[in-house]
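To keep things simple, chains are lettered A, B, C and D as they appear, and every chain counts its residues starting from 1.
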Amino acid sequence: MTEPVYDVAHLGHVEMYTNDYDKSLDFFTRVYGLTLSGEDENSAYLRAFDDYEYCTLKLTKHTTTGVGHIAYRCASQAALDRRVAVIEAAGYGIGWIDGDQSHGRAYRFEDPFGHTFEVYWDTVIYEAPEDEKPALKNLAQQYHGRGCCPRRLDHVNLLANDVTKIREFMVTCLGSRVTEEIQLDNGRLGGCWFTVNNKTYDLACTEEHGGGNGRLHHVTYATDQREDILRAADIFLENGVHIESGPHKHAVQGTFFLYVWEPAGNRVELANAGARLILRPDWEPVIWTETDRKKGQAWGMKTIESFHTHGTPPVVKDA
Amino acid sequence: MTEPVYDVAHLGHVEMYTNDYDKSLDFFTRVYGLTLSGEDENSAYLRAFDDYEYCTLKLTKHTTTGVGHIAYRCASQAALDRRVAVIEAAGYGIGWIDGDQSHGRAYRFEDPFGHTFEVYWDTVIYEAPEDEKPALKNLAQQYHGRGCCPRRLDHVNLLANDVTKIREFMVTCLGSRVTEEIQLDNGRLGGCWFTVNNKTYDLACTEEHGGGNGRLHHVTYATDQREDILRAADIFLENGVHIESGPHKHAVQGTFFLYVWEPAGNRVELANAGARLILRPDWEPVIWTETDRKKGQAWGMKTIESFHTHGTPPVVKDA
Amino acid sequence: MTEPVYDVAHLGHVEMYTNDYDKSLDFFTRVYGLTLSGEDENSAYLRAFDDYEYCTLKLTKHTTTGVGHIAYRCASQAALDRRVAVIEAAGYGIGWIDGDQSHGRAYRFEDPFGHTFEVYWDTVIYEAPEDEKPALKNLAQQYHGRGCCPRRLDHVNLLANDVTKIREFMVTCLGSRVTEEIQLDNGRLGGCWFTVNNKTYDLACTEEHGGGNGRLHHVTYATDQREDILRAADIFLENGVHIESGPHKHAVQGTFFLYVWEPAGNRVELANAGARLILRPDWEPVIWTETDRKKGQAWGMKTIESFHTHGTPPVVKDA
Amino acid sequence: MTEPVYDVAHLGHVEMYTNDYDKSLDFFTRVYGLTLSGEDENSAYLRAFDDYEYCTLKLTKHTTTGVGHIAYRCASQAALDRRVAVIEAAGYGIGWIDGDQSHGRAYRFEDPFGHTFEVYWDTVIYEAPEDEKPALKNLAQQYHGRGCCPRRLDHVNLLANDVTKIREFMVTCLGSRVTEEIQLDNGRLGGCWFTVNNKTYDLACTEEHGGGNGRLHHVTYATDQREDILRAADIFLENGVHIESGPHKHAVQGTFFLYVWEPAGNRVELANAGARLILRPDWEPVIWTETDRKKGQAWGMKTIESFHTHGTPPVVKDA
């Protein structure tokens, strides 16, 4: 066994594009329950109440929807330098950028299907303003109870034509471990779940069936309890949000989930993994076959069709 | 910033002494809801339904109660070797032992107050017998629903006369990070919470007030939901188990908790941390002062007196 | 407004037929979590841990599945006498029977579609044996925590070709109030929910689409929390029970639900209504249209096809 | 057995006095999560999201705190007339009042310790404004998710020097049933729990130990789930609300509870009874002895001292 790599600490933030910025921002703050740390000309910097960084969701005005970039924070400056060397050597590198109001210098690179990634070390720690200070000093911000009020960023799910290539990319660039994967009868990977730490996954990639490139399947925040997700379903319902699927429990990873579409059409999830963690250092990927997956979700629900086809941005059909 | 050490993967198991073995074993299997992997002449090897190892609680017949040893699994054989070198150099080392039915060779060492520790790499992975196979292949064993049915080992809490010395010991020997601590007005540490991974803590040490040495405060398993703990309270009640404190929420670490005494007198806890993790690589310890602690637990409950005095084994008073 | 009738106190018990008695009994005791009060030659007398009567589910050996009878307990002997007079005058009456080990004399009557009903006053109160005595004296039996462990019988759902006739029958015979109903575009009632007390419903009747007569749709017990139902889903999954639908929330009545089929094929439900009660004495039925119902369940899930067609006993097709 | 009386349908509303009106109103709307139906010169008319009436909590400006009156809605006009006749005959009557913006004519009467009661039939049904209309038509108002967001009024707890006299008063005037009571060793009643319907209690009376007269112990709203109460504890904590006791489970009635003091000092509770109802028509009161009560609350927590002494208005000590 090669020793695991610990250069990358955790998924840091996701940049989401919206072509309906005001409605998306209203959704994420009032309904989904994130806090707005700040705005610049093109973007809102959002985070959950216990995210320690200034931003975990960068919501950016754009001509369409989808994902701008996915950023991981490294474990130290030295670890960042090591990662950049590996990424450049592997030929995925793009180059350094200056950062924004939420973090400093970051190194950009790209997967084979057009998703942009960043790694960085220098970040902005969230400092709660006086009226958002928590009663308990081990929280990043007070538990505000507004909207669905998830605790922290959890993971992102991308779409790609060849999941095997993404697996190679993730393992190489980030030192990610594969925790679970779907092995299709045709020999292809149907999906793959990755982690750089003890979370069960921080990034998933599933096969693109809609003909798009570089698309986003969904972004997910974690709630403390499953009851928070049942409660969220009522909040979404009362606010006219499109509930696509759930609440239910995934067979893969055993996560309790709820998927909705924010006003611009990006899919967002709330999820709860209970006390499940990947603590085992020599964890062997769980392999799901097509036969396994035919059983549906954990409690038998058939996955809704749009879950296999809807991604952002939408695929433009030729006239 | 020095880079963090990743040699130690996770708390592996705790050996608990009991002078009422049959009753303790009945409690842990039927009421607390662990599974018996096997027994030898002196010990029962127990684990929670999703613990991947053969044993996370070794229950050993003894003349009294308390903790036999605390064992951490390393991230690889090389990591184990590095750790042993560090421990020996620091003067805490004892030597290698052969292991038992639950794991292979392990290196023993001791903290300044007589608690025995082990680090090991070679372990026995739990293989569920046919009638305990899970419906979902990413579980170590089926969700049996028996008793309180926690998911996995969470942490151990020790007592020591000088918590500062334990902090030095933990940081040196295991590369643990301090996530939270209590700073008393007299300059001493009242308690200190450690982790080797993304869990908020895997070992806590609080100040010994009963005159004992090498004593155990409690061992804890994690449940998936807070509701599991409310349900457990009714199960303990109906089974005549002494409920000492809770359910309530700790201010320190924000954990939802319930403390009971197993039949021989060892304190055991069920706890739920929600989605809280320590993902930040440059986490700075949260410092609680005596003034902070006077506010009681998170929701104001005053900590019950026995929580400060009861440890195992009981302190024998001179005649 | 006519004054409401209070002669009937509550749904007392349901007799369920099974052609796989041993497996059904194992399911109801070990998995679903009822307690066996006693057995006679043909039947098992079952109840939930906080049902005050000796029996709320009479499980009877039979050549097929379905419902034997539905029994309501009256508020007093005088109230029973008044009800019998009304039922007889309305032409639904059959006559008195002697009862069984769970209750005394009862009056039998029948709805227009062959479902047998009983009303009774004289009952057998459950006396918990020594090892089932509760720690808290306001429970009928200890909270045993075995299987899904619902608290009490909740309701029964019947199928009928003409729900309007059932509505007339229920209002006349039992003085039931209609709390909600589905008004189809064709002028027929698609479903109707009834109660004799403050529960939101104790009997529902939905339109028979399978060509059967006197069939059962499902029997339901209530859990204390929605989390009990999520936990039950895992218990059903691990025990190989067919999960038909849920957990999800009904739009009608807002009940959180989970439907499974017991081994002989009868549908059983676990449900949680939260704190919802019908306290308003002049409650006006909530009318759901077909347009309303096209929105699916509360959070948008489409109702699974078998929910509209599966009833017990199965309909025998002519050769 | 005499037949039960069904003239009184349910607890309708409680009038609470406050000498800090603005802060109390802010607490009840923003933190506790009630909705303001309207205001007049002296009072705010508040209700929970699924209360069908315009007002279940009338918050009235006053020189001190405490309870203005307790009102029950009768089952019909005829039932109201019958009740008034009984109350007058028993010598507790005061006379008719005109009502307010929340209900029509009501009959006032008084218990032996100065608590004012009302019975009424003519009420104002809450009509949700357009932006508060629920997505599901069986709710009185949308689930707004603001603050603790309980579902409905649950009960009121009064203090009296002689609980036995209150029992006589309640049984006579309202036809209430006694569901549980505390029998002290000195022969007195320590507390008594009453209901007019299937709820386990709608009014409790416990012995006054502070020398006051006509005092309030607390007013309670019901949440759908216990998790709502755990979540509420964090909301109260973050809003600086004095949490007096809980969350925990009462031995008496088995209710999961949380007690806080609103800004003017009145104690308010959130409670969840799970699926527990009093369906048995011949229910026999559960009798708790002093020995029973020494075991503390259900899970052993000792009741905090202020719970026995704090009532509103505070008792003015002579100089």
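Please note the rule applied: a residue touches a chain if its C-beta (ideal position, glycine included) is under 8 Å from a C-beta of that chain, and two chains touch if they have at least 3 such contacts.
Quantities reported herein were computed from a predicted structural model and do not represent experimental measurements.
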Joint neighbours of chain D and chain C, given as chain labels: A, B
Rotation angle superposing chain A onto its copy chain B by C-alpha atoms, nearest 5 degrees: 180
Proportion of interface numbers common to chain A and chain D (over half same, under half different): same
Whole-Å gap separating chain A and chain B, where each centre is the average of the chain's CA atoms: 32
Chain A-chain C separation of Cα centroids, rounded to whole Å: 44
In chain B, residues with contacts to at least two other chains: 136, 225-227, 234, 237, 298
Contacting residues of chain C [partner chain D, same complex]: 1, 3-4, 6, 9-10, 50, 52, 73-79, 136-139, 150-152, 154, 180, 197-199, 222-227, 251-254, 272-277, 279-282, 286, 288, 292, 298
Complex contacts: residues of chain C adjacent to chain B: 134-136, 142-145, 147, 225, 227-228, 231, 234-235, 237-238, 240
In the complex with chain A, residue positions of chain C that touch it: 226-227, 230, 233-234, 236-237, 243-244, 246-249, 256, 298-301
